[in-house]
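Here it is, the structure in full.
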Amino acid sequence: MHPAEALFDALLLLSMVVLAWQGVHARNMFRAVVSFMMFGLLTAVAWVRLEAPDIALAEAALGAGLTGALLLATLGRLKPERRGARLQRAAKLSMLPWLALGLAGTMTLLAVTLALPAPGLGERVLSAMPEAGVDSPVTAVLLNFRAWDTLLEIAVMLLAVIAIWSLGQDVLASTSRLPAPSLPALVRLLFPLLVLSTFYLLWRGGHGPGGAFPAGALLAAGLVLALLAGARVPERMTGAPLRCALAAGLLAFIIIAVGVMAEGGVFFAYPPRHAPMLIAIVEIAAGLSIGVMLTALFLGGEPTDTQGGST
Amino acid sequence: MSTIAGAILIVLGLLFFLSGTLGLLRFPDVFTRLHALSKADTLALGLVCAGLALHADDGTLQLKLLLIWLLVIVSGATCSSLIARAALAHGIRPWQR
Amino acid sequence: MSLPPGTLFLLASALLFAIGAHGLVTCRHLLRKVLALNVAMTGVFLLLVTLGRSGTTVDPVPHAMVLTGIVVALSTTAVALGLIVRLERRRP
Amino acid sequence: MTVFYFAGALFLLANVVVALARVLRGPTAADRMLSGELMGTTAVAVLLLLYGATGIEAIIDVALVFAILAAMAVVTFVRRTWPEDPAVDNEREQT
Amino acid sequence: MVLPPTAMLVVTLLTLPLATATLLFASGRQPRTLTLAAALLSTCAALALGLNVHLEGVSVHAIGGWEAPLGIHWQVTVPGAVMLLATAMVGLAGAVYGAGYFVHRPGPEGRMARVFMPLWLFAWGGLNALFVAADLFNLYVALEVLTLASVALVALSARRTALQAAMRYLLAALFGSVIYLLGVALLYGQYGILDLDGLTSKLDPKHPGSRAGAVALTIGLLTKAAIFPLHFWLPGAHGRAEPPVSALLSGLVVAAAFYLLLRLWFGPLAGLLTFGVGTLFGAIGAGALLWGGVLALMQRRLKMMVAYSTVSQFGFAMLVFPLALAADREPVVTGGTLLLANHALAKAALFLAAGSLVRASGSDRIDRLVGFTGSSRWAWIAVILAAAALIGVPPTLGFSAKWLLLQVAVAEGAWWWLGAMLGGTLLTFAYLGRLLERALLAPAPAPHPPKLKIALLLPALLLALLACVMGLWAFDVETFARLEPGP
């Protein structure tokens, strides 16, 4: 490895650590959130350095897009005086023992991890790839070898939407009334691009980095941008259609997982002839559903008819 | 030939990034900083894209680079206008000597 | 360089985990606690992927695990943020 | 050539670290947001240079995603975060 | 009678609750008959599965036909089957109770009723997924399903206190998840596999990597199980939630995390269970017994008392570890599993009955509870039966579990742990006795206590009865011998 490369890694990781500290402890809440968002951006670069483009894509789409939007929107919903409570001197002192404990833990952790041999399952995945039904190893692991994990994960996401909706319907934030003439134009340009790239990533997922999660995140980013620009959830879409779109991913997953039992009697065992098609169906359903679910998470409450389909 | 030209473009781009940062740090208020940053950065990224496009020999790739640049131009312009309008609405007055 | 290739990333992941865990315990503001949790999560994810890289072939299983983990972390974060906003509205 | 790209990426990273001072100093929220913008653009450039160094094509896709979403944070900030009442300003909050 | 194959039953148990919950959410309506039918069907599947395990023993299923290190396994062990059964009982009882407890009406008043059932089914599915999982990362995802469902259930009433408790619970649970995941990463870096069986055969207790991984996994699970010093989030979450929710959380969600602790420490990590580790766990358990018991004794509110009782009871369960230091681990694991099952049934019954009593009394102060009159009488009977099971009065399941553990302690000469067990039992007797004494001997004057619906009485009664009757079945030593831990 060339010194410039090592130096790049060192600086990247150092700034990540500094930003992480800022993101947690910055005196001003807004500063903390902005630092955390920057931390997310650099994390995506770190994934690229670790030769994990799949994760980098997901992190870029979620970190640069949705997590930031979610945090900023939350910050806007909190009352301003609660944003930046300054740390008292005593509170700062009481942090010290914890800090010492944390450093000791870090050292132990580091010593342990350096001694790990890290054998991994790479070879096994490679040897099973011909029967996987897709060309991309990560997609094969996600949607075939460990598909049960992914099903539960989609359940977690749907559960998060249900959980937020179950908290009541009273916190839909009002959009700022500042004039923003350029915004609709931007969204009109970006929205089709985002939808296009969603499908591009879904298509790519079969043989390269991409797949349902980054694609869903991009779709959600497009929808959220549209909402921010003042678009409204159409009233006829708010009730059952929206709920069905949210539930579609998990339902499709369950139906296919159980449905393939008709052929071989084994849960989630795609019959080899149909494996590519079934995986593609699961991926598309999951991707679109994830997009809608992420948008719902951003909305932070169930859009209701009584509020005129507010944003 | 194109290798050297590309490298020169990239180096130029990096210098424009530096100038943008200098502006961000040294200029006195939001509006001037915005001014320095958005212009310098957009240009800088354009130069880097152009340099890389010279190095690449793949049409799709060059198209993607162009797309990246266009996207950054559009969003940079929109964001500058949004931030400036918001700052004005918040009663931040432009700096005067 | 004499260090093994992943050392820097391992060091960073350990530090990130420590920062997150420490922040979770010491911070008062709920939003900070949530951010700290996310930082700690990122530390664990970095650890997983760095470990997956040190073998002879690139191991896709940690990549898949991290992708799953990122989505789970985002979902839980969204729920936490929703709760924080609701708590704020119910402030007496 | 690889070294050239890495040196360029290193330079950009150092550049952005210096710009972090604006996040710390503020003074207004808009200033902090601006350096966030800078970070976004720089990250795209860093990714492009990393692509030049390694030749992994997926990196361009990551950069593309960054470029598409570059406006997202600022739009959310302007539309949702900055309170409309000018009396509640970030500057005063800090003290 | 021909039973469906175990694999079919497992698939039913896992997908039926999830699919029903998703459909309920998508339709936006809550047809009571449909939800109760789904609950009943799941319960039947669990019963059949239990019978299958009893007849055929432990079974393993590779999902998607991918064998272990690459794919994920489901593993139906005997303790897992016992917990699946307990989950089904509590799940059905809670579903019936919830149907009677919440107001079913369109509009904002009916919100809780609309939201309760999907969340309840998600939690049920998460629990089932957890009890059959045999893979470290799969366990993590299942734990997250369970956590999010539980948090949403705690926040169900949307009152400020409930929201606070939910937030606290969420943060604690996520902290546990992060540390658990760190342990998974460390073990994966050490051995390159995630399935529990493979780890059991590969784990080298000497290596620092396995030790650090074990520590991380354990701290994560201890937080999620609210074991003594990390119990801070439990009383609020369990005491302030709605009664059926408290029943599920106290009876099963906490027990699920503890079950995992058992599964790991008597599975892959068994080589690490040295004298020091066992003693540390025992000391934690004894501390929890005391601390939880004393605080339960001091509570004035009924549900808070029951919640602190959970802290204390899990201290009891922690004593399993030092007792297992002896050569023979089988009776200890059996005792621990029975203890969890007994606690699940009895505590759920106690919380359900407590909810009915609070509704009848209009207050949850112990000294304002209605006496042994009218329809509240049946709730009191459930309380008495559940209390008997928790204390461990002879024919109950609690007695069988404690008797097994006592025998081991006596055989080993572990007098310290014996003392802790007796002390804990006495404390349990003291706080439950105080409840019964206050309410039955000096009841608050309640001229016209409202009549309670049968849906609010029957589930608690049946659960408590079950906890008592199962003791008769479990006391048969022949049955014990079959309850060996997983392979």
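Should a chain be cited, it is by its letter among A, B, C, D and E, assigned in written order, with residues numbered from 1 in that chain.
The rule is short, and it goes like this: a residue touches a chain if its C-beta (ideal position, glycine included) is under 8 Å from a C-beta of that chain, and two chains touch if they have at least 3 such contacts.
Please read these numbers as outputs of a predicted model, since none were measured by experiment.
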Quick one: which chains contact chain C and chain D both? A
Starting at chain A, how many touch steps does it take at minimum to reach chain C? 1
Which pair, C-E or A-E, has more C-beta contacts? A-E
Please work out the Cα centroid separation of chain A and chain B, and write it as a whole number of Å. 28
Express in whole angstrom the distance between the two chain centres, defined as the mean CA positions of chain B and chain E. 58
Separation of mean Cα positions, chain C and chain B [Å, integer]: 31
How many angstrom lie between the CA centroids of chain A and chain D, rounded to a whole number? 19
Multi-partner residues of chain A (at least 2 other chains): 51, 54, 75, 77, 109, 113, 116, 118-121, 125, 146, 149, 153, 156, 159-160, 163, 167-168, 176, 178, 180, 183, 186, 190, 193
What are the residue numbers in chain E that touch two or more other chains? 137, 141, 144, 148, 151-152, 155, 158, 163, 182, 186, 188-189, 192
Quick check: what residues of chain D touch more than one other chain, meaning two or more? 16, 33, 35, 64, 68, 70-71, 75, 77-78, 82, 84
For this structure, enumerate the chain pairs that meet the touch criterion. A-B, A-C, A-D, A-E, B-D, C-E
Write out the stretch or stretches of chain E touching chain A in their complex. 7, 11, 15, 18-19, 22-23, 25-28, 61-66, 69-72, 111, 115, 118-119, 122, 125-126, 129, 137-138, 141-142, 144-145, 148-149, 151-152, 155-156, 158, 163, 182, 186, 188-193, 207-209, 212
Give the list of chain C residues in touch with chain E in this complex. 17, 20-21, 24, 30, 33-34, 37, 40-41, 44, 47-48, 51, 55, 59, 61-62, 65, 68-69, 72, 75-76, 79-80, 83-84, 86-87, 90, 92
Touching chain A in the complex, chain D uses residues 2-3, 6-7, 9-10, 13-14, 16-17, 20, 23-24, 26, 29, 32-33, 35-36, 39-40, 43, 46-47, 50, 53, 56, 58-59, 61-62, 64-66, 68-73, 75-84, 88, 90, 93-94
Help me check something: in the complex, which residues belonging to chain C touch chain A? 1, 4-5, 7-23, 25-29, 31-32, 35-36, 38-39, 42, 45-47, 49-68, 70-72, 74-79, 81-86, 88-89, 91
In the complex, chain B residues that touch chain A: 71, 74-75, 77-78, 81-82, 85-86, 89
